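The letters A, B, C and D name the chains in turn, as written, and every chain counts its residues from 1.
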Amino acid sequence: MRSLEVKNRWPLLVLLLPAMSLAFAYRSRTSVDDIKGLRLITAIKTPYLPDGRFDLEAYDSLIHMQIVNGAEGVVVGGTTGEGHLMSWDEHIMLIGHTVNCFGARIKVIGNTGSNSTREAIHATEQGFAIGMHGALHINPYYGKTSVQGMVSHFETVLSMGPTIIYNVPSRTGQDIPPVVVNRVSWNPNMAGVKECVGNDRVREYVEGGVTIWSGNDDQCHDARWDCGAVGVISVTSNLVPGLMHELMFEGKNPALNSKVMPLIEWLFGEPNPIGLNTALAQLGVIRPIFRLPYVPLPVEKRVEFTRIVEAIGREHFVGDRDVKVLEDDEFVLIGRY
Amino acid sequence: MRSLEVKNRWPLLVLLLPAMSLAFAYRSRTSVDDIKGLRLITAIKTPYLPDGRFDLEAYDSLIHMQIVNGAEGVVVGGTTGEGHLMSWDEHIMLIGHTVNCFGARIKVIGNTGSNSTREAIHATEQGFAIGMHGALHINPYYGKTSVQGMVSHFETVLSMGPTIIYNVPSRTGQDIPPVVVNRVSWNPNMAGVKECVGNDRVREYVEGGVTIWSGNDDQCHDARWDCGAVGVISVTSNLVPGLMHELMFEGKNPALNSKVMPLIEWLFGEPNPIGLNTALAQLGVIRPIFRLPYVPLPVEKRVEFTRIVEAIGREHFVGDRDVKVLEDDEFVLIGRY
Amino acid sequence: MRSLEVKNRWPLLVLLLPAMSLAFAYRSRTSVDDIKGLRLITAIKTPYLPDGRFDLEAYDSLIHMQIVNGAEGVVVGGTTGEGHLMSWDEHIMLIGHTVNCFGARIKVIGNTGSNSTREAIHATEQGFAIGMHGALHINPYYGKTSVQGMVSHFETVLSMGPTIIYNVPSRTGQDIPPVVVNRVSWNPNMAGVKECVGNDRVREYVEGGVTIWSGNDDQCHDARWDCGAVGVISVTSNLVPGLMHELMFEGKNPALNSKVMPLIEWLFGEPNPIGLNTALAQLGVIRPIFRLPYVPLPVEKRVEFTRIVEAIGREHFVGDRDVKVLEDDEFVLIGRY
Amino acid sequence: MRSLEVKNRWPLLVLLLPAMSLAFAYRSRTSVDDIKGLRLITAIKTPYLPDGRFDLEAYDSLIHMQIVNGAEGVVVGGTTGEGHLMSWDEHIMLIGHTVNCFGARIKVIGNTGSNSTREAIHATEQGFAIGMHGALHINPYYGKTSVQGMVSHFETVLSMGPTIIYNVPSRTGQDIPPVVVNRVSWNPNMAGVKECVGNDRVREYVEGGVTIWSGNDDQCHDARWDCGAVGVISVTSNLVPGLMHELMFEGKNPALNSKVMPLIEWLFGEPNPIGLNTALAQLGVIRPIFRLPYVPLPVEKRVEFTRIVEAIGREHFVGDRDVKVLEDDEFVLIGRY
């Protein structure tokens, strides 16, 4: 929106300085095409210690299980990973940790988006400086803005590195209309869109040449095989990475899709990641510790999960302990951390 | 959800320590009834300097105009005041500044809510420690949670002081159902609800004995006079505080309501506070500086505003300069600050 | 250092914007003369809860005892108050809390100094915005700088409000030479110097017309009555405010000075506030909780303190419980908080 | 100080939780011996952009020049690198950036020390989590503490990874006595001491089996060849890395030592890094931008530097532009950033 630029004393140019120097970029730069080809990206869970800090031991184990089961990328600190419950320094540290320990084996996509443009700029700059391969950017949720505001928001960060735009109106209160995506798609860093609005929208984008990841596990099979989505950014793959890999890589498979559907429905009965947190704790791969405002599913749902695991087969789930029904008093809920 | 409390090694009690010592409370404590009686509360605009910091001179002037025109309270750093674009230390400072300069003349309600329970606890504790009279608490937007999660979230902060719960599903992506409000209403600090869902919901709450402020300027007249709302938490009163005061205090007045309706419609044509920011700049009471992701309304809308001012009467609006149409290049948009 | 200002693209003026708008200033502004006349200022202790947060109940009680015993001002978050162990948001909150609860009865001087000019600017701006009456500013300890650097450092903050400069080379590693004080003394906000170098320096400044507070309790009697210091910024007055008041207000009194000297010597046997923290805990006015790197004095010293209290008279000390020797395991040391 | 541990309700153990989980450690862990063998470690300069942010392009170039000239390690954000003028998130980001871009070619030692134990714990935990090879830890400067307090302070961080303790009483106001070093030397993570007190102290430590780096460039030749120091943590090597490498690796060389001495004396005429910042700007390898409270050396000194460069030989200095005398108005001093 050129016309908004200030021509006199306070040029926009000064206030929005070139976001990042380029020297380190050529060393660590992931190409946009490397991101565009990823079929299975897991929105990874962040596990906690009893005092609320990150449980990096459990985290590293979760990532390791993703790698060996075929996930090609992780979103660090997404809504699933509860980035909105992290301080920014925790968040950036977790991105840096993931890059340092696993960056050679899996693509690390930092959820450095924010409803505050300032925070998005700062976090994205830091994330790329410490080696993340791509950024996930949400539109300004809660505060919301105009179409022009969305475009301006995304433009401040697109210069920094490969970027996936994330549209989830059921969380943000505001759809990113295709006009916004089209207006920023000229940018060479624009990798594509994680789209949750549905497969009609997926098809529309794909036909226009935009790379799409489904953001809905229950629709991702069809998105991939019927609508042209490149793959999925998945929650369910935290639990059954091998099955989700099969679903994305091995061709159309409605039988398998139907098999995992009860799990997906169970997972999203309450806002994500409530179900996921409960499930991973019951699988024994994380401690049963919740940062508020998340609380575990009630005991009936916890029992139901064990039946779902049995039906699908324990061997398809992460971890190697027996799945068990945790008691109420085994969970720890933390407000200060 | 008592059963979730931990009985063994990590008691919830330890992790959720008594939120606040009581010594200062009796000195500065505002009673919940003082809050419950407020009819006109303005969700005050936060103005900026060219480098993006707060323009406290303009801010003080805005508050002063609210006081002399009859507003009884202000929400500091609400969505209108762009609390989501502040760092927490800026936010708490602004609350403390308002208390220090104006606390004897107007009730200061700090928007210390957050989608992160940790942040809500920390900010609310700090806000009451520095003298704010009440807190505004949103449910966990964007991240969302279960009904039980909402209850737990609100319960961590209700012990700290008089509290208004804020329901605006069009921003948060999730309605606060009445069952949540009812489950926390036993708390003596519960002052009431700022409700944006509509006047049927308002009536339902009022009949159940819950104090309600309308969160929709276009419905507040009817909410107040037909549905039993105590008043409004208003955006429009930033511009025409006297008229909004009349609307809330002087009895049913559909003519006046109709008179301001074109202004209200103009204001909310794009997500608030885009219209408000544009309007206040054109009235000459703030500098035309926007923190991204907000951008000014386009010039047609800016022209339209001057006509609305003429129609209602310049004398009803804040400030004493002529309203003018600002040019594109008079606006400054800031991403780093 | 005018010659360093940039004349071309990046003017210093832009980067060091006018620090603060003036609107609120005239409302809350304390005159420099109000600060210059204070004879007894206590560098107040910050007490803690078992989880390391501030114990505001105990704090309010400590301040109350200062007021009733004649202290005219407090330094909030000084080295005694362990400002260097606070996050800035905690620090500013404590200043705001003190202003809000006690600002009408005692002058609140915020230790908003830092070895980082950026932090000093930000904190001082915030402190004055929320109503503190004066700022205490240290030279850049640890990092150190040149004479010109010190002058530039102090000049960035002096515009904001009444200021006391603090010289304590035994902590900072660097003396503030009189040339620095003289170069900033033209500033109308310059209230004076808290000087720890000794009474010869005090006399030199006083003869030059600079207002001085002794920063050494063991020298303050002579500083006040022989060298022309206006008073003291005291640690010992946390314990015996009435006696320190007598020492500063009631005329030369070498007998009283000798009487409190064993207490002062005991207090400063280890770096302050180790002795003070131990003493207040034994007097029962704070919980025996230490933020690391501070640890309690050993038991021999704790026993010695009770004898000193007896010798001077329990009634001169704050609190009304019997002084007792705390056991090792009654102390809590906290590293994470 | 076992006896201080709490045996009842608030165990120290709970409050000082195991600092770090071990999972990632075995993957990325540098052995203490890898640190102990480093002879030339450069306390690297942090260069800035005109708005005060890090100039990562210039930084990467500085690190590159260190690597090709034989430096084996860098201290990131030391006093030379102005860590005390960084926010912690900037600081950790710079460590992560260095690890990510250069960690395979040079050892990255993060200065994650602080006078606040809380900050030291948090930063060190983050630094090791993102892959730094070692930590540099200062005693609590400015705030100071007792011998027992120093021991407790260092013990909270030593569990996290290879650690160098830094003693520089001229900055901290307090010597770390050998008793402290001896009491923590049992810890397998204890790599050694950067000692600035002088070569008698160096010799004493070396005889006791403690690994020592000289922290004084003017004494490092003798420390290395006469007193048994393993090497130096150097400021001067920012300018002449090859010569410092020769001094540490190629045997006793008093002639070379004398040759660089005028440069060293010039560098430390004012508190470091004032001289270094001025010199690097004149060599054209960084922009002439200073974060306050640092200011450039006066013009006479800037002229003197060019003569020193000539005398030693431009080819020994970093960069390939002609050294030049910068004018006053070419420097930018920044207070807000």
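As a working rule, a contact is a pair of C-beta atoms (placed from the backbone, for glycine too) under 8 Å apart; a residue touches a chain by one contact, two chains touch by 3 or more.
All of these numbers come straight from a predicted model, not from anything done at the bench.
J.: Taking each chain's centre as the mean of its CA atoms, which one is most distant from chain C?
T.: Of all the other chains, the one whose centre lies farthest from chain C is A.
J.: Could you check if the interface between copies chain C and chain D is built from the same residues on both sides, meaning over half shared, or from different ones?
T.: Here the answer is same, because the shared fraction of interface numbers exceeds one half.
J.: Fitting the CA atoms of chain A to chain B, what rotation angle results, rounded to the nearest 5 degrees?
T.: When the C-alpha atoms are superposed, chain A turns by 180 degrees onto chain B.
J.: Distance from the CA centroid of chain C to that of chain D, rounded to the nearest Å?
T.: The mean C-alpha positions of chain C and chain D differ by 31 Å.
J.: Calculate how many whole Å lie between the centre of chain A and the centre of chain C, each centre taken as the average of the chain's C-alpha atoms.
T.: 48
J.: Between chain A and chain D, what's the gap in Å when you average each chain's C-alpha atoms?
T.: For chain A versus chain D, the centre distance works out to 38 Å.
J.: Can you list every residue of chain B that touches 2 or more other chains, as numbers and ranges?
T.: Touching at least two other chains: 17, 50-51, 336.
J.: List the residues on chain D that touch chain C in their complex, please.
T.: 1, 3-10, 12, 15-17, 50-52, 79, 82, 84-85, 115-118, 121-122, 140-146, 148-150, 152-153, 156, 169-174, 270-271, 274, 291-298, 328-337
J.: For chain D, which residues are in contact with chain A within the complex?
T.: Spelled out, the residues of chain D in touch with chain A are 17, 20-24, 27-28, 49-51, 53, 55-61, 88-89, 92-93, 96-97, 99-101, 103, 126, 129-131.
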